[in-house]
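Next, two complexes with subunit A in common: one pairs it with subunit B, the other with subunit C.
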Partner chain A sequence: MGQKRRGGWWPALCIGLTGTILLIYVLLAASNWIYLGWHDTLYFFSKSRMWERLWLTVWTATVSTCLSLVIGIPAGYALSRFKFPCRYLFASIIDLPIVVSPAVVGAFLFGITTRFPFDWVSEHYDIYIGRNVYGVLLVQFTVTVAFCTRLMKASFDMIPTRFEAVSNTLGASPFRTFFKVVLPMAKNGIIASMIVVWARAAAEWEGLMLFVGATEGKTDIMPFAIYLDWNGGMMGWVTSMSIVCMLMAVSAISAMKIIGGKSNVW
Partner chain B sequence: MIEIENLNGSIGEFHLRDINLKVNEGEYLGILGPTGSGKTVLIEYIAGIYRPDTGTIRVDGEDITHLYPEERNIGYVPQDYALFPNLTVEQNIAYGLKARKMPANQVNESVSKMISILKMENIRHRMPLNLSGGEKQRVALGRALATKPKLLLLDEPLSALDENLRTETARELRQIQRGVKGAFVHVCHNFEEASDVSDRIAIMNGGRIIQTGTLKGIMANPKNEFIARFMKSQNIFQGETDGSVIKIGENLLVKKNPFKGNVIAVIRPENIRIMENGVNRGENLFQGDIERYMVKPYFTELAVNGSLPLIVHTTNKKKYRKGDRIWVQTPAEHIVALEKSSCPGAPSLYPPKY
Partner chain C sequence: MHLIRNAAVFIVIASFVLLTQAFGSEKELLFHAGLGQRSALNEIKAVFEKKYPEIKVNFSYKGSGYFIADITRSKQGDLFMPGEEFYLMQAVERGFLSDYDPQKDVPAYFVTVIITPKGNPKNITKIEDFAKPGVRVGLGNPRSCAIGIWHQKTFQKAGIWDKVKENAALSAKCIPELGNATQHKAIDATIVWSTTAVLYLRDVEIIPIEHKYRGIIRLPVGVLKFARHKKAARQLMDYILSDEGRAIFRKHAYAVNPVIPVDEQGFCLDGTTDQDMTYLVNAAKAVKHDTFPVTEKTVGDLMEEVLRQKKTIRAGD
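Let's turn to the complex of A and B:
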């Protein structure tokens, strides 16, 4: 037997307003289709340029997510568990990506990458970080690493420290405890966070605009490509890529909700 | 043998003060106290989860005060058991052994032995999520005992169990402890539970150990008013004494005691005799009317309102009614006189409230 539902004008108003959000997005998608039509939209999906842009977006977002995780997992754990100098400062910094525009990050990167160690790397290893795919990766990583740390901290905060205490009393070192107890327990939260970080990296645009700039065939990840094609008046491309971006976002959010359902990361 | 000397520590606003405690080999010690008295914090200090500000903890003469928990060989079972949810029962029990890098064949042997001792054969492949409260408790116990700790700390291990299962599990715990011949420290806030398992108990309040001893000894000779109240001595009076008689209001209680001046008199309700057939000869006799009675599972509690209002426990055999006039006697040997200074800030206790 389910719980008896409460009627009345107040629940109806709240549910109605929730429906408005859905309506807005349906209208957005529908308006583009109405403008372009089904056949033309599908036509652009057959173009290799579309899939190249999608592939560039997927792999750069995946690599930058992996790099973010390498730092985000231990950093999130440190912020969740250990006391150290400037802990509160770090805890505040990881919240910055939520309030500061990625354009600020892009602007800062522009000044930094001409100096050590970036200039040293480009000189000795012939890896130039700038208006190329390395630049894309650097911007995505810089924007998502703090975001990733924030989510990892939330995942670890949900695991009671008692489990670690018990593991230690059983003779396990903190290192073993982390890999055998904490990580497996945080698994759902980490996967859910990873998806959100990946989606955030794939959607990065403002930082790229400032630091990398738009180079056709080199740095045109999906959101960036939409901007380029919009300026070029190619509405067919814009519509098709917008649909792909929407599908990617919906898939990522759904996956996060399903996998991380019990972890309440978000 | 575990010896704790002058242990002091702070966690936020909470302070553990001047803890002195000894747990002998093969002894089962109960730590009792009201909520927030510091019982759990104390065992967390012993386990090494927190570092004390001052004081020492020794195990068999070795100072372990500054060792990490993984270096102490002290087992710890928290209140919610903290079974690792990603591991099966068998893997949970093997966890500590693997952490100590024991060879695989010895791990399997030890795990099988522990499973057999704790009768867990039918649940060995189950995940913790699919276990009942009693099963979880056995697994947590097995996991801690598998590493053969010098001391096992149990934090309210029976609190999640229902009344019947609690008594049965308490008996089992005691049998296991005798079987492994280990020293156990069992934290609880119920003195019936402590009496079921412990050889000795320590009572805590406000971050201090107030009294240690056998349950019977503490009940007979509470150190101060707090202990008397905690042990459910419901008749606690403030009076004056000349060393042989305690004057409570207009009432006189014959009781030799080493104090003079202000005193606290404690009388356990089960030590008060009801004089049958109107017999009213002897010392410390009081007459009163039954103001209230309450039939409990093993006794009847009477509130007798007379010149000295008393709570009396008697058997359920005889039926009493409200308003019955009875004579009661408080034998001098069962009256405990406490020096007033041992009860700082004791409120006026006379007359008591039922």
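Let's turn to the complex of A and C:
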């Protein structure tokens, strides 16, 4: 008995601290919900505007995540497996959009799309590049593709290379090996990363602020809409949308934990 | 694996559908507008698009400080309506607007008012009260928002600028920050536009300012030189300047009198805006107290705004 109990304070402290963090977050959510009140919760949650915005957020984030995956999976695989010149330089450059603020991404996108040939395109074809939902997708994609590649590299790094070697010696082409051996093994990691990437895309707004500007009903995804309504003094909208965002995040993370299972990418 | 393959097919189809949608035949206007004008301009957009179904209005709402960088760089946009004449003049100086007429192109005005948290805990009734010791004053940063310039101007005119600076508890980067701080009782008093004050009827007290310190801020609108659809842009601008357009601004607590006499600094000279101030004060009472009558006579054109805010406890639409 005495043996077992010795040093028991350390796990207790750790668990206690976890509990404290949890408590802080629960308090944050609860106090805001109390501030909103039950009557207003029902009112705002029954508004179609709320769900239109949620849908806009969901589909833009989904599309940009898919685009990121198309590039991110092969790129992550390449960085994880193949040796090619300037590999480390590539890896560092790909980390950039994760480290720098999304505002920088927005400003840079703004810079590039107002130069040749884009200015010529927008003048002749009567479109404002970047002022619509494609701008939103572009910002989300630019921010998340790096993130995605990074996470994919981590997923592939965890898979032992032996299986690939076996597959190759048995005569499968690298292409076939990738799809038949590597991808199925990396499945959990990929799905877990996908959800993280999706959440990152759905939370993007600094880049949007600089590059896109808000058009209501067209480019105001949830985080941007919260900012807009904060400026309009509509605290009811701000609070209720924050709650929806939080619920969205909690479901995304839970989904990741359930699907990703044993994967320790995150 | 199937998942990924299906996703790839989905992307190809989705991008194709989206791209074909991108080149519609409608005239789309890009309207650079200050965040503060959002509620009024959204309403104008709705009415205008019903009137001219072939024209679509897209706003690019930003803080007024962002515009010049955006327009200089992108050379995009049809109309421009920033939160202060100063920003429009910057565009005029750079040659982005060719035909701005200061006499005619001002559809609406902001009027400055004092706001305090509900119940007015420090009993603020006039400009001089801002210098009282212990009053936490919210000031705007003059570099990033127009209200900051007006704070300085107003308190300098009253000769209490140094004392007010000592009382400052907040240096706001934009005007909603002042409104939100007052709503959450983080400051005891500040000066904001009437249009900002009207957003917080339930949570703040509104105190009109006497004429010599009451600022009138011109809100001009203009068609940009590189507008794609000059004619459509002009139509929208004319609509904004029409009586019908002005009436919509009025519903959101803008002053819309064609002529408001002001001195060279922009302070009010007579009681043209007095009636608007009375409506504003009454509107704040009406939202707070259910017994206060909400009629044309008590709150004027602010009726819709009052009813909107009475509907929910935390203001929404």
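Things worth noting here:
In this section, the second predicted complex is superposed on the first by the 242 of 266 C-alpha atoms of A that agree within 3 Å, B and C clash if a C-alpha of one lies under 4 Å from a C-alpha of the other, contacts with A are read in each partner's own complex, and residues count from 1 in each chain.
Following the convention adopted for this analysis, a residue touches a chain if its C-beta (ideal position, glycine included) is under 8 Å from a C-beta of that chain, and two chains touch if they have at least 3 such contacts.
Keep in mind that this is a model prediction, so the values were computed, not measured.
In this overlay on subunit A, subunit B fits alongside subunit C without clashing.
When the shared chain is aligned, subunit C comes close enough to touch A:Gly37, but subunit B does not. Contact with subunit B, but none with subunit C, is seen for A:Leu170 once the two complexes are overlaid on the shared chain.
Touching more residues of subunit A than its counterpart among subunit B and subunit C is C.
In the superposition on chain A, A:Pro184 contacts both subunit B and subunit C.
By the touch criterion defined above, A:Pro160 reaches subunit B but does not reach subunit C.
Once chain A of one complex is fitted onto chain A of the other, the partner contacts of A:Trp51 are absent, as it touches neither subunit B nor subunit C. By the touch criterion defined above, A:Tyr25 reaches neither subunit B nor subunit C.
In the superposition on chain A, A:Asn231 contacts subunit C only, with no contact to subunit B. Smallest inter-chain Cα distance, subunit B versus subunit C, after superposition on the shared chain: 11 Å.
Annotation: subunit A residues 184, 187 touch subunit B in one complex and subunit C in the other. Taken in their complex, subunit A has these residues touching subunit B: 160, 162-163, 165-173, 176, 180-181, 184-185, 187. By the touch criterion given at the top, residues 1, 4, 7-8, 10-11, 14, 18, 22-23, 28, 30, 32, 35-36, 38-39, 42, 58-62, 66, 70, 73-76, 174, 176, 179-180, 183, 196, 199-200, 228, 311-317 of subunit C touch subunit A in their complex. Within the complex formed with subunit A, the residues of subunit B that make contact are 44, 47-49, 68-70, 72-78, 80, 82, 84-86, 95-96, 99-100, 143-144, 147. Against subunit C, in their complex, subunit A makes its touches with residues 35-37, 39-40, 43-44, 47, 49, 63, 66-67, 69-70, 73, 110-111, 114, 119, 122, 125-128, 131-132, 134, 179, 183-184, 187, 190, 209-210, 212-216, 218, 228, 230-237, 239-240.
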